[in-house]
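The next part holds the structures, each set out as structure tokens.
In the two complexes that follow, subunit A is the common piece, with subunit B as its partner first and subunit C second.
And then the complex of A and B:
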């Protein structure tokens, strides 16, 4: 039995340097059934999965302008599942011909004491919401159809109010940096959903008013 | 007038819209012109329903009927109508419709009362006897004519029906492209790209990770000569499969006793199996199924060879061309080879060194297929779906490794550490051990006569374990003393438990 190798160099690559490729779109409530039907046919053959999640967005205001944002998300339908902490970087301003939004992404699973931990670290909760909908996958691609709801009383996830009459559709892939074939595959998949929903890259920084 | 400059006189039409009011600062507000619905209402008001296309008598009749059957309300309303003509433009229309409804109701009531024949009866009006009977010949001729017209109509309808039935039959026989395409689509995945129809025959949507694209193209079979008779097996649709998936393949697994001869490696290319085609299946179905089988065999072999190279074991596995050779026991050789025949070469018929057809272990080949499909299914299991939805894909238990601080031993327990090759080697070892145990017991039983040895092999076995019950009895004393042994063929060794029964 040989001893496991001990590395002294810092760990780079692997799951640390993952990029998220993202395409977003939306459909009205009336069109949801046909979209789900279509996705059921196009994606991998599994039982359709629904989810109900509660997401909290934490901000750390430093001396500089931009606050540091962390997203903590837990599943309301699977209460024993670990929390998911996510950091999303700025979108890469690479060539304009890239079809998907690319940004640095760090995903960490955390235990149920995450909110207290973040509070102790100095983060303050900015806003929270409840998301429910359906999840599909095709190979490495994940398609999420979400209905977002606003929480009226902080901390109470029962009392929610829908934000809009539409569903948000997101197509995302987690891949190591530098793989541009991923965006090609995403674009061809988005083409197949074309008349029902238009998935395109939406720059979040351009959304601020 | 002379001398003065010519005066320009301009003529303009008067303002067509009526001025409703003039505001204090001089702007004029016009009466807005009637919209389409208002115009229609105005015209509808001018319709006089009581004036039919016949004559004024009907109109005159209509009025007393109105007064007789009409209720008080419409009369009042008609009265008020004279005073306020612009009360409601559809009013007269409404009234006329209501009176018509009243008359219909009365007619309906009269008819229902007459039907009962208790309170009212209908008598035919006596006809004028001087009208005279029409001559019989005339009646006959008129009946004949009407029957002929009826017969004509029926014949025309029957002709149309028979023509459409014949057309249907013809179509079905011809099996046109679209109906065939529909049938293809009910069994295989198709999509349209540009003007080409492409399909997917890979297992990727079933969970496979093999990088082959598995795309086939559907083409219309147009090389048919319409003058000649259409052949029986004509199909208007043809599929074009990728060139490396042509023919048919299978995985040959065999156990040999001799030590591997270096010169013999990589020469296994014998193909002796012809796939049976069921009558009634379309040629494209047979082709696509064969191509899918070839793809699965390639995937299995690729996975096995990858593991053979990567996994370290005491006796290294040899991978040569399309054959993997490993030694489960010293002196025993397990060879797994991918036999792919494109179906064109016929020169293998005359090969002298034909291996025994019993050499191939069908069970292990079936198990390989089964394990590969199980691996596919695992990829698709919902255990992989993330909750919360933003988490990356991955095994559910592995996601708990971080929060619950698993150490390396626990993590390696969660992950699947046995590959396809190891599993198949274990199964091959078990098969060999089982056959050797059976032979040993049988030879002992035939050699030793004094205590009788009987062996009962259990039918219900595992791939890694079999069980046999050995009964050792003395002739004539079976009731008194016998011993029975349960031998379980584990993987490397044989367990035996001995029970002794004594009858006092």
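And then the complex of A and C:
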């Protein structure tokens, strides 16, 4: 149930297929302050933006092996804001020299009846977590520093426990397919964050085992 | 002879006036930028402005040191007529900064000696210098020279030496843990450590409690334990039908967990 690769699909109209370019790393709690200072200096000048989100990951098991995954996210700090539904495809296995992880990405906003709707459609919630942290922006690049927490009682976002003593740092860009200059820019930005954080292309399938 | 000197004086004053006008314009633009475009200003552009001013001041210095420039110190400016009334021509000439050529402006604009406070400080410093005696002064000069040359040497030396020391220092405080990176990426990508049937996988460091004794059927168990902190301990008991659908591998892990749970006697066992 994966979307076919971009080059095969004819562009008949509607939205452009967006790809997400991603680099990930982590930073320990004690180095968080210095990382935030550095990001505040490097990124665009704006008010520091914090967020608290609750993300639920839904799976749809088809006849084939790979389940179809959808991610539903809502803001706990802005409860009336719409839900955000995201589909992330498999990482594109292009040339190994590309510096960032590239995958197909579809984002839509949804109303608050999203979880029931997905359940009715046949999706089942696989896992959920609470993410809070800071967002920075530099041009088209977005840097997110997140603290992930496990939800102990399903549906209860108050009772959480931290997953690890580190913060996850992600550098991402949403761009139409085929723009490889984006990964160059991302790599030079990632250089500026060394040695505090090593942002690199981490293949999620390798982490499974 | 006289005429040549006069001509030189005039020429140097003209060039001095034009250089000072450049500095004034640069300052004007810089102040305007600072006051009005405050949000959009970046540090490199502020540095550019400062560099421009410093360059212009340098040119003025060079101009004054030029041998063609007669010594301005030997010239004297004497006000011939002081008038407390407003002078329109003067006001226009000075862009409204000096509207009246009166007694008040003379001490400021025609000053040749330093300000009284500055004069006081200079007198104190010279008295201090005379007091300490020549040998002590010489020793102080030598220490200062040594410090400066040490610093210059450190700055001019090849970067490799410096980087090696600083890199060694920084090794002691790593700011990230690659194992944590993998754990977090796994959690975000497919719920490693998060989903219902948590595999005995990455355990967050520093968490008190036993090793990973996870099991399936946490929904019911969590309710009974009351969502306690720390990890869920292994438990046996019936794995009741789940509220949500499970991924295909669930059945096998349930069997395994029941096996392992019977081996351990856990106080929270149902």
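Note that the second predicted complex is superposed on the first by the 193 of 209 C-alpha atoms of A that agree within 3 Å, B and C clash if a C-alpha of one lies under 4 Å from a C-alpha of the other, contacts with A are read in each partner's own complex, and residues count from 1 in each chain.
Here, a residue touches a chain if its C-beta (ideal position, glycine included) is under 8 Å from a C-beta of that chain, and two chains touch if they have at least 3 such contacts.
These numbers come from a predicted model, not from an experiment.
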(request) Using the overlay on subunit A, decide if subunit B and subunit C clash or can fit next to each other. (result) clash
(request) Considering only the touch criterion stated at the top, classify A:135 as touching first (subunit B), second (subunit C), both, or neither. (result) first
(message) Looking at A:109, would you say it contacts subunit B, subunit C, both, or neither? Reply first, second, both or neither.
(response) first
(message) Quick one: is A:77 in contact with subunit B, with subunit C, with both, or with neither? Answer first, second, both or neither.
(response) first
(message) With both complexes overlaid on chain A, does A:45 touch subunit B (first), subunit C (second), both or neither?
(response) both
(request) Give one of first, second, both or neither to describe whether A:153 is in contact with subunit B, with subunit C, with both, or with none. (result) second
(request) Share the list of subunit A residues that count as touching for subunit B in one structure and for subunit C in the other. (result) 45
(request) Would you pull the subunit A residues touching subunit C in the complex into a rising list? (result) 24-28, 30-31, 34-35, 45, 57, 59, 61, 67, 69, 124-129, 148, 150, 152-154, 156, 159, 161-166, 168, 195-198, 202, 204, 207-208
(message) If we count contacts the way the header does, which residues on subunit A are in touch with subunit B in the complex?
(response) 4, 18, 44-47, 49, 51, 53, 55, 71, 73-75, 77-78, 81-84, 86, 107-111, 131, 133, 135, 137, 139-140, 142, 144, 146, 174, 192
(message) Taking the touch rule as given, give the residues of subunit B at its contact with subunit A in the complex, in rising order.
(response) 191, 204-207, 380-382, 384-393, 396, 399-404, 408
(message) Going by the contact rule set out above, which residues of subunit C touch subunit A in the complex?
(response) 39, 170, 173-178, 180-196, 202, 204-206, 219, 222-223, 227-230, 244-248
